[in-house]
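Take a look at these structures.
The two complexes that follow have chain A in common; it is paired with chain B in the first and with chain C in the second.
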Partner chain A sequence: MASQLINANPVVHERKARSVRQPTSAHDDLAVEPIDSLEVFDHVRDIKDPEHPYTLEQLNVVSEDSIAVDDKRSHVLITFTPTVEHCSMATLIGLCIRVKLMQSLPPRFKIDIKVSPGSHASEVAVNKQLNDKERVAAALENPNLSQMVDECLASSEE
Partner chain B sequence: MAKKLGGNGAARLGFLHQLEGHTDRVWGVAWNPASRSGGAPSMLASCSGDKTVRIWEQQSTVSSSSPSWTCQAVLDESHSRTVRACDWSPNGKLLATGSFDATTSIWEHVGGEFDCIATLEVKIHGHENEVKSVAWNTSGTLLATCSRDKTVWIWELQPGNDFECVSVLNGHTQDVKMVLWHPSRDVLVSASYDNTIKVWAEDRDGDDWRCVQTLAEPGWGHTSTVWQLSFNMSGDQMVSCSDDLQLMVWDSTVDPSEWTGNGGGPWKHLCTISGHHERTIFSVHWSRTNGLIATGSADDCIRIFAEDPTNVASSVSFCKVLEKQKAHEGDVNSVRWHPKDPRLLASAGDDGVIKIWEFEQDL
Partner chain C sequence: MMPEIPKQELLSLILEDDSVGDLFRFIEHCTYSASSELMTDGNISPQWIVALINEEGATSKARVMIDILSAVAQASCSACSCVLEKVLQLNLTAVQESYSSQNIITEKRNISTWNAGSRQFANLVALLLSTKVVNAANGLAQDQAYTFIKTQSPVNIDEVVNKYWLEPLFVRAPDLVDAYVEAVTVGKQIILTAASNTLGLQYCQLGVDGLRGLATFPAPISLLSSDQVNQIISFLTSILLDKEQYDFIWNHVLKAFSSIIATEETFKDFGSPRTYVLDEVIPQLLKALVQSKGIQDVDANLQAISTFSASRPLVLERLLDNLGDSISFWLPETIVKSEPAGDTRKVESILRCISQDLLPLCNLEGGDQAAAPKILHSVWSSIEALPVSTLKYSEQIMAACMEVIRVAVQKCNAAVQEDVFSKALQTVADRVNICDKCNDSKAIAFSKKDICKQSIPTLFKLSSCYQKIQETWLIALLASIVIAVRPGLLYLQEKFFLKLFLDAALDKRRSPYTESAAQALASILNKWVEGKKENHLSSDLLTLEDAINFVLTSESISPVKSFMNSNGLENLDNSDGFLLSHKRLQGVQVLSWVGKALAMRGDVQVKDIAVLLLSILKSSDLELGKDPKHEGYRMNKESEEHEELTIAIATAAAEGLGIIIKESKALNKKHYATVRPLYKQRFLCSMLPLFFQALREVGNFERIWLLRGLGHLISETPHTALMSDVQLVLPLLLEALPALSKDSRDMNLVLAILLVLSSFLVDTHYGRNAAADHVANIVTRLIPLLQYQFSMTVRETVLQCLGAVVGLPYSRVYPLRMQVLKSLSAALDDPKRGVRKEAVRCHRIWMAISSK
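Showing the complex of A and B:
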């Protein structure tokens, strides 16, 4: 870990109160609720930032609006905004988001993770790495990287 | 002469068997080339994120039309990380396996037991270099390996099952995902995360290997990672598959070692097949027996393509013969046609299973 933080003074936001879900009209105990962006957001909002003692939500790295879910097609697109443009933590944050969703969502889901357009100097390169399944698999076999991911996910409540 | 299937009738991909045992995703499958030769049963190798390689054999009984499969061996002592690739030598006696642990292992099939007879170390300056693909040439004298370190290594098999590195090929600017030999020439092709395909051949004086051509934009090329390549039976055409959701077919008739031209290169783009795949195409295989192209994709489908019989233009075109949705419960990582039986196809997926399929088409 570098002794100098990439972003020493991040802007910190309040944690949004969890919105109360409206019950569905046709109440069926056996029905499986389609997964929506709020549910996906609930999985990732408390991931800890690798550098600061704040969550991705508090740093506005992810928000409910940055998540698009198509339950029928089993597809999730999650866009995240690193706190600074040259953030070298971007690939680690993206990896944490992917691991958390892999652990939390049904295996049928295809997950695409991108940095929000214009938010990173190496946007194309970062997006390519984050969505190359082989690169991700190899990265997660690296014990140092895998430990960092575990630390970021440790405080995540769900 | 390869029997060309792909007529106009309805096509089906019937499920025959499911091979279970791996405890993580299966990255690759490889049919033993000696399958069904001289009475030998069909044999398949598979490699997985569970760090093992499994050898499967189909029982050869005359009493059943589709005899069952059993797992003959689990090779679990050689690799410390994901085993990403496996390839049999042409006579079916040796199996090469490539792993994220940066090593390549060579296994020898002796009777009913599999022994690890050699381990290759592929490391440069101590960096981590995951091996992504391994490939034997047609005569079984050379083995190619490639890695995330952007290089391709060519090894020569020595007496006593020893291997000597004969060349390290630099040129790709990103990981190399696959290496493959031409079916009748000692010409090597490589597919990369840098979106290009490179063609490598030995110098006239046999001194060293060089890149004879790069199939890339501008001109004709993929716009994202190229995952796999496959030659047709004669080697006069090659197909590539990519993260850009396209297949490209190339004219590979000209021998690159004979190429002296200045512009372009010996091989030409023939056609692009697009609009069928919804997510990354991880695997493509051109059957040596029936002329069909199979693909495996991250959209969980297996698709089969044939040369378009209705095409009247002078150029080549392909049409989709079949789309098998939810072929696996997860990405399909590898598809491979049987070396002898034109109906059989094996596939491997993120769901940890291998499936054997039977292709049929009405005339």
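Showing the complex of A and C:
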């Protein structure tokens, strides 16, 4: 029997145009450009959903407003919104976000990933799972999971 | 009698389709049925509207309908007539209603989210539909007119001459013009009230597109009256002349004008030609240029002038004429101002526009061949009118004048070039004759005949007082002419001119004037014509070998040679003092340019000059940036100046090797230089063995200077020439990278070397094969440069090179993976965002290796 999709008809949103940053400091080699929420959003917006051929941005799973960055304290908090309340892919999506940020941000950053309050039936459990270092490491050692994560991230890097 | 328009079945099917009906009902009555799926549900954001108008992933059925109707309008004349009749009947009413600013602004709170049923959205869709259909009709009209002109086909004569199919459009033309003008006005007000920049911009762009569509109907077909076209042109001109107020739409209007001029040019020979831009816009533009005070206004007007000139030769000719007159008026006053001011910057911008944008468009065989001599006359007349007293001159204006003169002379034919040169000599002679120290007070008049028949020094009578020409800038202006003339002016091949330009090039202070004089000297040598002409009786006519020897053994250059024959820097003869040492610095520059001239010509004596430059590098044992107060250095100001000068000489020698091989604005084919094929490759092949030998013989400090010279040489050599010697060159480049990364003055050189390295790494034939043997060395040299503090561009390029290394053999690359990933974690925390982005990309590439 073919497995059924958790969310067969997701709502697809328009992709927001890439913001054009002010170029002034790019020409001044001494000016420091701290890491901000837009930069972090640029890393995660193109991660593909495990089920559908759309990005997390197109499915409104992540948005720039849901990212809080404090460069001085080296802290990032991302809140993502699964498309349905009982989405079993929520932990996989969260894992993809974490892996992507681990590869894209300096090691000094502490990354916290949570589901939006009230958006998932097992919100507490998912949050706990996503922010437990040992469980994340164990998940990444699972070859099937690791392959799924690579597929989600690889298509975002094309 | 108007022919009956055939109603084709397919056309009826399209125009009477339910979806098209839904669209028209929506525009007219602001209603639509949910089952039509015409619009998306819910609210509509400005971003969605932008996507609708710009076709960026818009999934709206409305946009699909609009595209279908415009495609049908462009299919044939009868179809166009039907579509125009249907569309314009509906839209005009909608367009005229509620386009008033008041309606939009009072509802500004709701602009960010419009409901699909709102009147404003319906009007925007109406505007989009009418603009698309008008432009489609325009496209069809242009095709019909062009085909008719080219083929004189009787088949489409009715379409062109009778124009019946455009009747619906031109009947409504006055209303359409008003509607589009109103759309731009409303859009501007929306932006100014900060209601929504996005929406305001879309209104403005659609309005301008509509006006452009109406104004670019070909003259044979257009039924717009002159007054109507003038109204459109006047409105667009008012935007063009006020960039400050209309900055958001200015470039769009400029493009619209380019289309209008292009249409005027295409159909100029058919029917009554249109010259609205020439007669109406250009005079206003020139007047605005004269009156403009701010540099932004000047730049905007000049940008418009450049764009118009590129579209129509008639416009170019008119503009050059007028600008030449303006230059004659402004130049005498501004050239004597030594400090930059508003009007000097304006004149400098105009001169740069003439030399870089307008003169290059002139065609030597075309009708605009008189333009270049006129500009030359304007500039040179202003120079002649300058007072002789020793005033300071604006270096920026002089440099701009030199460029105009050079480009203008290059565009003239041979006869005009000779006239210009003789006139310039006359100017120089006049100024010397009234010099205080000159005993000879007789005026000397030149003619071309005189120059050909008699010796210049005799005529000039300057043998005793030409050294008193203190105005190096005047010689530099003369040099600009010499650089651009054709080969064959034999009187240039006399000792007098060689000495004239040599002395100017060796002036104590390095400036654009000295470089121009050095380039003129090089130009003379490069274009040397062997053999005497019958009517040239001068005994001072030299062979090329004599000329080169004359330069190399002259009083000013020979100390450079003796400096290299001595035992290093300690024996530098400083008895002549500061002036002679600076002459040595200028002497190195002259040698570089002479070397370039000979290399391009294929003369074997270029090797002697290259050896001279190499010897300077071998003798340089001073380190750049080393603190003279360190142990072993004499702590007095004189020795510090001495060492700085020595470093400057060595730097000039290193750069000189790059000058010989790189592309130059002065010595090139456009300026009639002699260029032997593959001269760069030949020079590189001859230099590499010399470099290898020198590197074997020298110590550490001299080695760094040799690597600098090699870096300059290689960075200017074409990629294809380097590939044949990549095995030899690559190890030296890798050695140069860490050596040159300590001083900020080598920043550009480090970047150039990295670019050469990256070209090797991506070359699939020779480059990668050679790099495969040096993978570990390449990575080891690149990793420290990730922390290069002087330039973020260097750090970005290093990351790109590291990413390219992955393409080398897997067995050589994989062992280095952990080392690279560890160093990349620091690059991920770089203070610049661009570097971090490259670091993420590079990190991803190296992480992916493990999956192979």
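Simple rule for what comes next: the second predicted complex is superposed on the first by the 145 of 158 C-alpha atoms of A that agree within 3 Å, B and C clash if a C-alpha of one lies under 4 Å from a C-alpha of the other, contacts with A are read in each partner's own complex, and residues count from 1 in each chain.
Heads up, the rule we're going with is that a residue touches a chain if its C-beta (ideal position, glycine included) is under 8 Å from a C-beta of that chain, and two chains touch if they have at least 3 such contacts.
In this text, all values refer to a predicted model and were calculated from it rather than measured experimentally.
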Discussion item. Following the superposition defined at the top, how do chain B and chain C come out on chain A, clash or fit?
Written reply: fit
Fill in: Superposed model, chain A: greater residue contact from chain B or chain C
C
Practice prompt. Kindly classify A:K133 by the partners it touches after superposition: chain B alone (first), chain C alone (second), both, or neither?
Written response: first
Worksheet item: Which partner does A:R108 reach: the first (chain B), the second (chain C), both, or neither?
Response: both
Item to complete: Tell me which partner A:I35 touches in the superposition: chain B (first), chain C (second), both or neither.
Response: second
Worksheet item: Is A:E141 in contact with chain B, with chain C, with both, or with neither (first, second, both, neither)?
Response: first
Practice prompt. Could you tell me how near the closest CA atoms of chain B and chain C get once both structures are overlaid on the shared chain, in Å?
Written response: 8
Discussion item. From the superposed pair, tell me which chain A residues show up as contacts to chain B and also as contacts to chain C.
Written reply: 107-108
Discussion item. Quick check: in the complex, which residue numbers of chain A touch chain B?
Written reply: 107-108, 110, 128, 132-135, 137-138, 141-142
Worksheet item: Residues of chain B touching chain A in their complex?
Response: 25, 49, 81-82, 84, 100, 128, 130, 132, 148, 175, 177, 193, 224-225, 243, 279-280, 298-299, 329-331, 350-351
Practice prompt. Please name which positions on chain A make contact with chain C in the complex.
Written response: 14-17, 21, 26, 29, 31-33, 35, 39, 43, 103-108, 150, 157
Worksheet item: For chain C, which residues are in contact with chain A within the complex?
Response: 47-48, 51, 57, 790-792, 825-826, 828-829, 831-834, 836, 840, 843-844, 847, 851
